[in-house]
């Protein structure tokens, strides 16, 4: 704890999320193998999810359940925003769907052309 | 209960989702039982979605409040809400309708994949959601739903290229979605709400670095989804490879959804309006430029799609920037509907034709119905009347002008011109019959969706017209008449011709007889003359599919042109005239290619005119033609623009290169109409502009003086070029160009006498050029030749045609006593009066040069040696001769009593340019000279008759032997073949040696180099589309960076 | 009314007769002059008349068609008509002809009438040399029209009228009022154009007696030829009268007319005797150089001198 | 020669192909009568005599003598003589010396294209009797077999003075109404034509060149 | 140099009858078979690039036509006449229009005047000077031109042909009965 000093946990999550986004982007842009690109996309997706979570987090906050400990009046300042968490759930599902579709494309592309290299799929251009 | 469910739930906008999801759930179940029942359900669902959207939109149009839908019964921000207002309703209805038509089109494929039915429904529902939702995150979800459905649909094709393109598409859209998600979450961070309205309400919170980043992500994401140049290669690849049904839906449906998303988030992005406009404009211009280089039909449609979305984006940004959101339905809506129907139709058609290269579309040649559909869709896309795109572009351009955004006008018009270039080049390729083509196998019923799209285009076009104009019935009259004639197109040719004449005569009379002044005079020329010359169409008895309806449209649109009170009405009729005359030219034997040149120059002319009208509207705030003069300081510019447009249309020097091909290749009888009648519309326009603007003293003389020079140089060079022509119709074409040059100069004089001269010349040109082209039609009909040196000696076979030609030529040359002299005399007097001495000298020269080609025409065709194979030719058909001799009668009357003509001309001009012709009895006096036509006629008749009588008398003492054509002194040899005895080829070779350097085809070379340049530019601009998905992804990322930098990201 | 018309026609017939006879005599005179230069005696003065007569009393003829037949009629009608629109003697009602029907512009354009008709007639003969001659003649015509038009415009600016009578009237009152002296630049341009107009050497390539036997009329003979010969004299004299009216002060009597026109004609003759023939393209280029330049200068000159 | 009445109103033109027949006139020439009033005919003859236009067609070496005729020394233009480049407008045909078969064909063509009344002066010995080429395989020996000659001028070659004398004599003959060669040719057309065709073997022109 | 050339020609082509005539004309004779080859060699190798003419002489006594091809060398200003004898009754020679395009005109003339055939020469059968000639080629010495002329063109009655020598004797010395001595 001392090393991070007063770094807040949300900032760490945010930074690592953004880092993942960049790594993911790097993966998509540099890896020519479709599977690796999909992995890059997954990283990107995960990074975004982390960013989302970190946005809603209130340091030291508690779960957003209104009860006696967290009365209505002070809830806004004390609880973690529940909406991002909810959004992340949806986003994860969608990301999963997209990843699945991508993978199925990769499989079909491999079946059709016996390769997984994206730079060999350039017949439509100009 | 059921009733309640239907009215409370199903018929509400939310019912769309209910229906879609319900059907989506049931379709696989039904499919287990029976494939057909699943398909039936699928269509029922789609139809239901259309119906729901329609019913609700109707309610809103009838004044109901926009419907707010709150899910779970809780108001936002605590729950997602949807809205169904006017815009949403329009978009949803349009998308659902097109989805229904698309499903119809796609039915054969859908039958094979039951899951496709489900995906299709989901996709359409997703688009609906994108339009209706007011929640940012919900928007993301709908985008993703649509995307995943799209991916899956693309993935149904198992070919490698489709899959590759699909993968690129997924990568690109996924990255864009990621940006969207990031933007959304940052916005939520700032505003604490996901509701768009909520965010807009707290707009001030979205600021600072985070606000900037958030909106930037959102903007980039939406722009990327709209496929901006150059980050759009992935979209193009999908358009190129995916089946037409999917491509159509991506192009019009998904893009529409994204566009609507941009529309509703625009209040958040108001800092970026300029960026959005630039992106849209650049995409529009550059995709259309690159399209020039493309010959794959589907990819071409892709470029066009992207361009259209760019235009929409530009229109949206500009409208918002100018604060005229009230015009948004007309501009964006019009463009959108236009794009939606036309592009979907084209994608489907491309699917049916199933030819990759645009050149192979020649399978359509000779199939009028298919070509008509194709033509309608292309015309709509280009923005020709009466389709919605026309009205939208009109409003857009006028509003841009009103807002002072002149560069955008240039972009819009230039881009449209480029788009027209490649689209109509495609059409041209489709028109050309090739030997190798196998007939296409399109079944008639599969064209139904395309036809419906075309019909809807007409309907929506009319709808927009009603919004903009009151006098729509008259404006649409030519089209109605044309449609009626088209429905009768199966009748025999002669009957159709008669019908067309009756319709045009009746309609034209009704439209023009109550006109006054100038318009009345032009009414006689354009409508009366058009009908008179069209009589000659009876000389061909073949079916001529499409010819008569189009001619009817053309002639009636000329009539409506004269009736126009507002610049919109004028422009509408003008474009209708352009379109119909273009199509008529394509009907000629080799007409397709020159027709393209004709169309492009005509469109360029039209865009100049449009720009001129728009500027005038901006300056005067009125669309009335009569208000053109109230344009204040921009008068000179308005005048120059309009004059430039009309001069292009008259074939002014430098922009004349469309003239020879068009006049040469159009059907022979139609060329007469084109030259004698249609070209006068430009003269009318020019006079109109001159009357409203040119004569103002505050405009200064300069533009008019320049116009005068242009006219006279056109006359000179037209004549010079005609001298060196071997092709009889091209000779007359250049002659027309030259003669119109005189008229332009006459107008430019801006004096009473000058205008009388111009009008007189106009009437005269109509008379003699009508005769000449009809005579030539007869000659070409009989000889099947157009090269003059292959004819000769035809006076023996066609004496009446010869006499008609000779009289027409005397009337053209200006030799007294026929009408031509009057024109030359008036023009010369007017120029001397004005002090334009150099022009007068040039006029002398050019009228002398005109003698060369006139004599050449008469000599090489009718005189000299007749070819052996022409010995048995007959005289031209009587129906061709009748109009000629009617015109000769008119020439004779006007020659003897020019007062009959000059009085009305003079009084028509007096309202603008005061002044009167001074008559002393039958003698006309000007400041300089005098002209007594009847007396000249008498003297000439006298001095001609006396030697004739003398010669006849002497002939009594002579044994005159009528001899054969080879009985000539031939340096004591005998001639061997008519071909080498007839001096005809390269008739003015020595003139070529002396002055030929003046007529080297410089203009052609110039325009050719423009074409080459633009192709080269296009080739270098499309290097970004290297086909690599990673490159595309990189562009997307870089797009973000560039937007970041351009919008001042570094200064944060 | 009818009597008046007959009167006018009668007056004009008189003019026509005088001018034609005069034209023929001038032709003979010029021939004799050239003969003298060459050390010959030359033709008798009656020779042109005999020539016309001889062609007229030919007993056979051929016809290539109706336009061939009408060609000479058009040609001479052009000549007569041109004369009809020119006032011949200044101040004389009798010899004003029909000049009140039209102005200078009419005359200039009416000159084409005969040429066009003749060209059609010659064209129908089917002889290639006719067509070649016409092509050359027309081409050359476009070239000399330019300096001529410039000169005409110049004097129209100068006198501010297109009426020949008024142009002549403005030159009355002494030789110093002639256009020749008041606007010598225009006169020079017009006289250079005149060389081309007369068809004398060096601008006679369109007749080219040896290579394309006299060009356009190569097929014409017998009575046709007599009309053409008459017209050659008449039209030549008419052009002289026109030039005299425009540039040399017109004439108040026949003697003055004859002296002046002969003098004008001598210019063409002297040049023709002295210079060899130009090719068509050379003559076209010639007219577009110096004469056109002079014509342009004449307009500038007249604008400086007479309008301010 | 005897007068032979023409039996057919048109000519056969057998030398022409069927196509060419359409392009040439096949009319048979007809003789013309003098003007009915003698005074007019005399006057016309006077005009004809005083306006002799020579066809500029030098058929052989004697044609060289035509040139001096027009120059200062002899100046035939005094007598109304002038050169004319086209047979249509000429009235006198001067056969300038020997006539080869090939030239004869052209002479016949040109002569027939001249308009009557028309006259022939044959210059030098060769047209008269073959002259020094009497035994040549290629030159004709008696020109008047083929065309009607009004006047022979002998000599090899005759001087211009002789030619001038011949012209003056021709003028006198014309004035006396004795030169009816054109009519004679037409009246004896068939004999003349037969003679022409006897030597001109490639007769690829119409029988009468209008 | 010329002699070297001639030596070589003798060696390679078997030329005979070499005669040198001033100024700068050499004639030689070669067999019909070697003729075209020789001329080609002269043109391509020896610089005789110009064909002056092709002529023919009828040596009726020997039963031959002698064709004379006169060649010219622009560099050495030498003329070389190549004589080739061909049989009168089988008058045929290789055409050299492939060497000089203008040769076919000479060959046309020779065909017309002597009846020599040049297989392959263009337009050989067309009339050249004579039109419609229907008898023996007129330049053959066995063609009787006087007889032909008399038959074809007739004879003017009264025409007298005199031997100039005898006639002039009578003219100049009439009193001596034409005896000049």
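A, B, C, D and E are the chain letters, set down in written order, and residue numbers restart from 1 in every chain.
Keep in mind that, in the parts below, a residue touches a chain if its C-beta (ideal position, glycine included) is under 8 Å from a C-beta of that chain, and two chains touch if they have at least 3 such contacts.
Being a predicted model, the structure only gives us computed values, none of them experimental.
*Asks:* Spelling it out: a chain qualifies if it touches chain A and also touches chain C; which chains qualify?
*Replies:* Chains that touch both chain A and chain C, as defined above, are B.
*Asks:* When you take the mean of every protein CA atom shown, which chain's own CA mean is nearest to it?
*Replies:* B
*Asks:* Quick check: more C-beta contact pairs in A-B or B-C?
*Replies:* Taking the two pairs in turn, the one with more contacts turns out to be B-C.
*Asks:* Round to the nearest whole Å and give the separation of the Cα centres of chain A and chain E.
*Replies:* From the centre of chain A to the centre of chain E is 108 Å.
*Asks:* In whole angstrom, how far does the Cα centroid of chain B sit from the Cα centroid of chain E?
*Replies:* 78
*Asks:* So what's the Cα centroid distance for chain C and chain D, whole Å?
*Replies:* The separation of the two C-alpha centroids amounts to 36 Å.
*Asks:* Any idea how many Å lie between the Cα centroids of chain B and chain D?
*Replies:* 72
*Asks:* Of all residues in chain D, which are in touch with two or more distinct other chains?
*Replies:* If we look for residues of chain D contacting two or more partner chains, we find 29, 32, 86, 88, 210.
*Asks:* Could you pull out the residues of chain C that touch at least 2 other chains?
*Replies:* Expected reply: 58-62, 213, 218-219, 222.
*Asks:* So which chains actually touch one another? I want all the pairs, not just one.
*Replies:* Final set of chain pairs in contact is A-B, B-C, B-D, C-D, D-E.
*Asks:* If we count contacts the way the header does, which residues on chain D are in touch with chain B in the complex?
*Replies:* It is residues 19-20, 22-25, 27, 29-30, 32, 35, 57, 86-88, 106-107, 109-110, 113, 204-206, 209-210 of chain D that touch chain B.
*Asks:* Can you check the complex and tell me which residues of chain C touch chain B?
*Replies:* 9, 56, 58-67, 69-70, 72-74, 76-77, 80-81, 84-85, 98, 100-106, 109-110, 112-113, 116, 119-120, 123-129, 131-132, 134-136, 138-139, 141-143, 145-146, 149-150, 153, 156-157, 160-163, 213, 218-219, 222-224, 226-227, 279-282, 284-285, 288, 295, 299, 303
*Asks:* Could you pull out which chain E residues touch chain D in their complex?
*Replies:* Residue positions touching the partner: 127, 129-135, 138, 143, 145-146, 148-150, 152-156, 158-159, 161.
*Asks:* Across the complex, what residues on chain B touch chain C?
*Replies:* 793, 795-796, 799, 806, 810, 813-816, 821, 824-825, 828-829, 832, 837-838, 840-841, 844-845, 848-849, 851-852, 855-856, 858-859, 862-865, 923, 927-932, 935-936, 939-940, 942-944, 946-948, 950-951, 954-955, 957-963, 965-970, 981-984, 987-988, 990-991, 993-995
*Asks:* If you look only at chain C, which of its residues touch chain D in the complex?
*Replies:* By the definition above, chain C touches chain D via 31, 35, 38-44, 47, 50-51, 53-55, 57-62, 209-210, 213-214, 218-222, 225.
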